[in-house]
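Next up: some structures, all given as structure tokens.
In the two assemblies presented below, subunit A is common to both, partnered first by subunit B and then by subunit C.
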Partner chain A sequence: MKTRIFEATRYLILAAGLIFFVLPVASAIEFSLRGYGNKGHTMANYSWIFQQDDFFTNITTSLRLAAVAAVLTLLTVVPAVVFLHLEGQKFKRFFEFLAILPLVVPVVSLAIGAQKAMPLFVQNSEYELAFFYVVIAIPYTFQSLNVGLASIPLKTLVEASRSLGASFTRTVLSVIIPAIRGSINSALFLAITLSFGEFTLTSLLHWETFPVWITRVAQGNVLGSIALSMFSLIGAWTLLIVVQSAQNWKGIRLKRTAEEIELEEVAL
Partner chain B sequence: MSAKNLETKVSLQNLSKHYGTVAALQDFSLEMQTGEMVSLLGPSGCGKTTVLRILGGLDPHHDGQIFVDGENITGSTSDKRNMGMVFQAYSLFPNMTVIENVEYGLRVRKISPEIRRKKSMELLEMVHLSHRPDAYPNQLSGGQQQRVALARALAIAPKVLLLDEPLSALDAQVRVQIREEIRRIQLETETTTLFVTHDQEEAMSVSDRVGVMNAGQLEQIDSPSNLYNKPKSAFVASFVGVTNKISAQIEGSGRVKVFNQEIELSQNSASFGSGSAVIALVRPENIAIASDADPESKAGLIITKSFLGPMTKLGVDLGGENLVYVNLTSQEAKKIDVGSRIAVKITSEELMVANA
Partner chain C sequence: MTVMSTNRGTATRKGGGSSAIFKTLPLAPFSLVFIFFFCWPIFQIIKNSISDGKGHYNLGAYRLMFTKPYMHAFSVSLQLSFFSALSAGLIGAIIAFYVHKSSKSLQSGIAMLSGVLANSGGVPLAFMFIAAFGAQGGIVTILKKLGFDIYGHGFTLYSFSGLVLVYSFFQIPLMLLVFTPALAGMRNEWREANNSLGGSNLQFIRWVLIPVLFPAFLASTLLLFASAFSAFATARALTGGSVALVPLVIGSLIDGNVITDQANLGDALAVGMVVVSAIVMIFYGFSLRWARGR
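On to the complex of A and B.
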């Protein structure tokens, strides 16, 4: 009896969660498909998106900046966290504290203060945003990598690889990075989505990217703005699926049962 | 080990290492012959793993030199030493299959794919895992993972094989099985091997020589049999095997009085003045049941009786601080019950003693 109640409660909670998640999205999709003046459902709002002059310019700008931010994350944050785990254990707490600072420092301070620290040629280019996006994403990317590295016997793997004759660079590239591929993918995904959706800092620095553009064009078309939001959301999900698929590719490992392992041990 | 191999492969000379003021290793020296398997045994923190890691180039040291094949490799890094290592923790690369793990060192050495595949399969054959080359580490049991780690370490034809407590994470049955495999493979490949363990049985059963370490120093290195039967210090006598510690008194002229017996002092015992109170170290198998009438025997009450298969261990209260353990064949022990009285006598011709 108790088990049945427990099962029923589980399904109820699951159903409530699904309703909470699906209902607003489904409603927004339905709303975005409405035509002006009760004309039934139509794709007009979505085709409107593509008819806007700056749509492709802004979406490619955002994608380009997100890609640069992802590459910068891969080149800076990944080696830094690996190094921290290998050699800087005593500084780990301090760096964990530093990593959450972007969450508590107001974006205005970051935008104005950090911009001044950039070389002039970076300040004059939209690519300065990519550097900021990396910083803004650090609380999340750092945690993702931190957890990934903590879950593998990093020191032992490095020592095993080194004792087999591999250089440190080779060890990082062929052992460490593949071993935490899941965490790296998550970190990259976070860096990309945060970069792709960042509005405040970009707007403060007077650059126009996809989110800034959405805010501007949405002011004149309510249904179009909802269609744009849905378009962004579906874009983010697609990205998530692509990253997830890349993560699972070649990573499908079948777990054997304890009995199977034991049987094989005995057979040997 | 065959006589033809009596040439020095590894020479560790006066190694020292300290952490702050704590000495992890003090003036440690060791020579290993080609094809020899040497185990380092000792309590936790005695420095045995430190020696292995220094030899493997994984940890720096402060003083001393390391020679392999006569070449001074003291300053070289681990990737240049060509030493295969099997770790205590499972260390297979999780993103690679079994065969890819074994091939790794060969790939680093730019060996052609055909040769490395052939050699890796031969090694997997040797460790009885040739049927699972495409499995990932998390599809293998602990014992299988350590077998693959052994094959991977041997694939590079290491100058020295370093085994850092490779069996400690395995269950008892698999442990025995794998340690025997390690020895078989070591003899087959004639690989000079340094094996670090805290398990005496493990060390004694597979090694040509066993070194007992204490507080960063090598107390004694000898064949397993000599280590057990002719310990050179009280520490070795009490650390290796089971030893009864019995109150005794020095009687002068190199003799010690234990119970009602006077026995010769071992040459390796520290010297004590006549009349000094000492602790005699006596193995359980060196105590036998004696007749009550024997003036040298000592009677006591049996408190515990543990069946150990062919042998049975009796715990006898002879009036001292601790129970005295006596090993009898289970056949002999059949007639003796807990609570009964027996008389015992030490059968050793000489005894090792320590400070009381």
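On to the complex of A and C.
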């Protein structure tokens, strides 16, 4: 009896949660399909998106900046975390502390500082945004790499490679990178999604990217900007789900290899 | 003999020194970007906030910050963060508990969806809610036909309660993400022990569940608090500034929509936000340690 009540409550709570998240999405999709003056439903608002030249300009800008931010993350955060796991044990706690700080400083505060502190040649290039995106994403990218690397016996792998006579470059290319590829991928993916959606700093520094453009265009065409929002939300969700499922699958495989390595160590 | 050993000593130390610098080289790119694009701007805000714009030390901006309109903005921001963190925290914790009691596949599915939704703040989310819960929105129309005229009862999306509703859309998933790991430490034996000692369900919740989970709940809720406190995009797109939140005030100061004789008021407010957020994060750190200490 007790368990039946518990099961009923469980289903009720989960169903309520599902409704809370599905209902606004469904309702907004219905709204975005409305014609002007509430006349039936059409795809007009969605086809309007693709008639905007600014749509393509801004989506390319956002993608380009996100790609640059990903490359910068690869060149800055990845080497730092790998080093901290291999040889920099004594700096590890300090850098973990540093990596949380961008979460403590609200982006609005960073934006007001960025506006005043950057030299002109930096302020005049849209690529300043990519650097700031890297910094804003550090709490997430650093943490994801840090956790990912902790589950891999990286030090053992590197020592094995070195003792077998591999050069430093060889070790990096054929041992370190393949071993941590999964963690690198998820960190870069985080950097890309955060960069692509960043609005606060971008708009306060007066640059136009995809999210900033959506708010500007909303002043002229509300239905269009709602269609645009649903388009970008659903696009982002689909992409995230695909990537996460791929990663889950990979994660299972990686875990298995790690376990196998441990088993071999025990056997030795 | 002595000379030789001294020489050898210096040689090793020298070698060790230069190779130590060489060895920490992988930290250099990270440190440079961090210093130039994070520490330097923060240093500038602090410096600006305590000067009069001509390089003289002056606390005028802070004096202005502690006047009524700006203290009001801080108070609204804090209230919004408090209510949205508490409501999303409680709802999220309850959902997390029932998800934890479900099958493994449902658990991993919900974990994945939470990860996706927790990242979906910002402008598009605000517009989605405008479409769903605006005066013309489908949900509002259907509720009206059913006899619940929510706008007739003083609700509007472009307000404090509207923001709490919209924030919960990414805060509940965030709660699920950060709180669920704490539930993994729960043991079925506790419940059995409680039952065999004659404890009721209510007693189990009151004397076992709540004390054990409280530190993790507190830590997770503080994280939600911090995320709500610094949120800007959603609030800006939704209210356009009609709810006076500190980030929105700073935003309009930067855009020059608000003119004050204190040019560096924005810097002072920005420092104020960093201080509040730092206090929250320090408490977060303590409660996390408390949660892990169990």
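In this section, the second predicted complex is superposed on the first by the 202 of 268 C-alpha atoms of A that agree within 3 Å, B and C clash if a C-alpha of one lies under 4 Å from a C-alpha of the other, contacts with A are read in each partner's own complex, and residues count from 1 in each chain.
Simple rule for what comes next: a contact is a pair of C-beta atoms (placed from the backbone, for glycine too) under 8 Å apart; a residue touches a chain by one contact, two chains touch by 3 or more.
Here the structure is a predicted model, which means the values were calculated and not measured.
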| item | value |
| --- | --- |
| Contact breadth on subunit A, by residue count: subunit C or subunit B | C |
| First, second, both or neither for A:V175, with subunit B first and subunit C second | first |
| First (subunit B), second (subunit C), both or neither touched by A:V135 | second |
| Touched partner set for A:S225, first subunit B, second subunit C, both or neither | second |
| First, second, both or neither for A:A44, with subunit B first and subunit C second | neither |
| First, second, both or neither for A:P153, with subunit B first and subunit C second | first |
| First (subunit B), second (subunit C), both or neither touched by A:A67 | neither |
| First, second, both or neither for A:G17, with subunit B first and subunit C second | second |
| Subunit B versus subunit C as contact partner of A:A166, first or second or both or neither | first |
| Subunit A residues contacted in one complex by subunit B, in the other by subunit C | none |
| Sites on subunit A touched by subunit B in the complex | 152-153, 156-157, 159-167, 170, 175, 178-179, 181, 253-256, 261-262, 264-265, 268 |
| Complex contacts: residues of subunit B adjacent to subunit A | 56-58, 77-85, 87, 89-91, 93-96, 104-105, 108-109, 128, 136, 138-141, 143-144, 149, 152-153, 156, 162, 174, 177 |
| Sites on subunit A touched by subunit C in the complex | 2, 6, 9-10, 13-14, 17, 20-21, 23-28, 30-32, 72, 75-77, 79-80, 82-84, 87-88, 91, 95, 98, 100-118, 131-132, 134-135, 138, 193-194, 197, 199-200, 203-204, 211, 214-215, 218, 222, 225-226, 228-230, 232-233, 236-237, 240-241, 244-245, 248 |
| Subunit C residues within the subunit A interface of the complex | 23-24, 26-27, 29-34, 36-38, 40-45, 48, 94-95, 98-99, 101-102, 108, 112-113, 115-117, 119-133, 136-139, 169, 172, 201, 226, 229-230, 232-233, 236-237, 246-247, 250-251, 253-255, 266-267, 270-271, 273-274, 277-278, 281 |
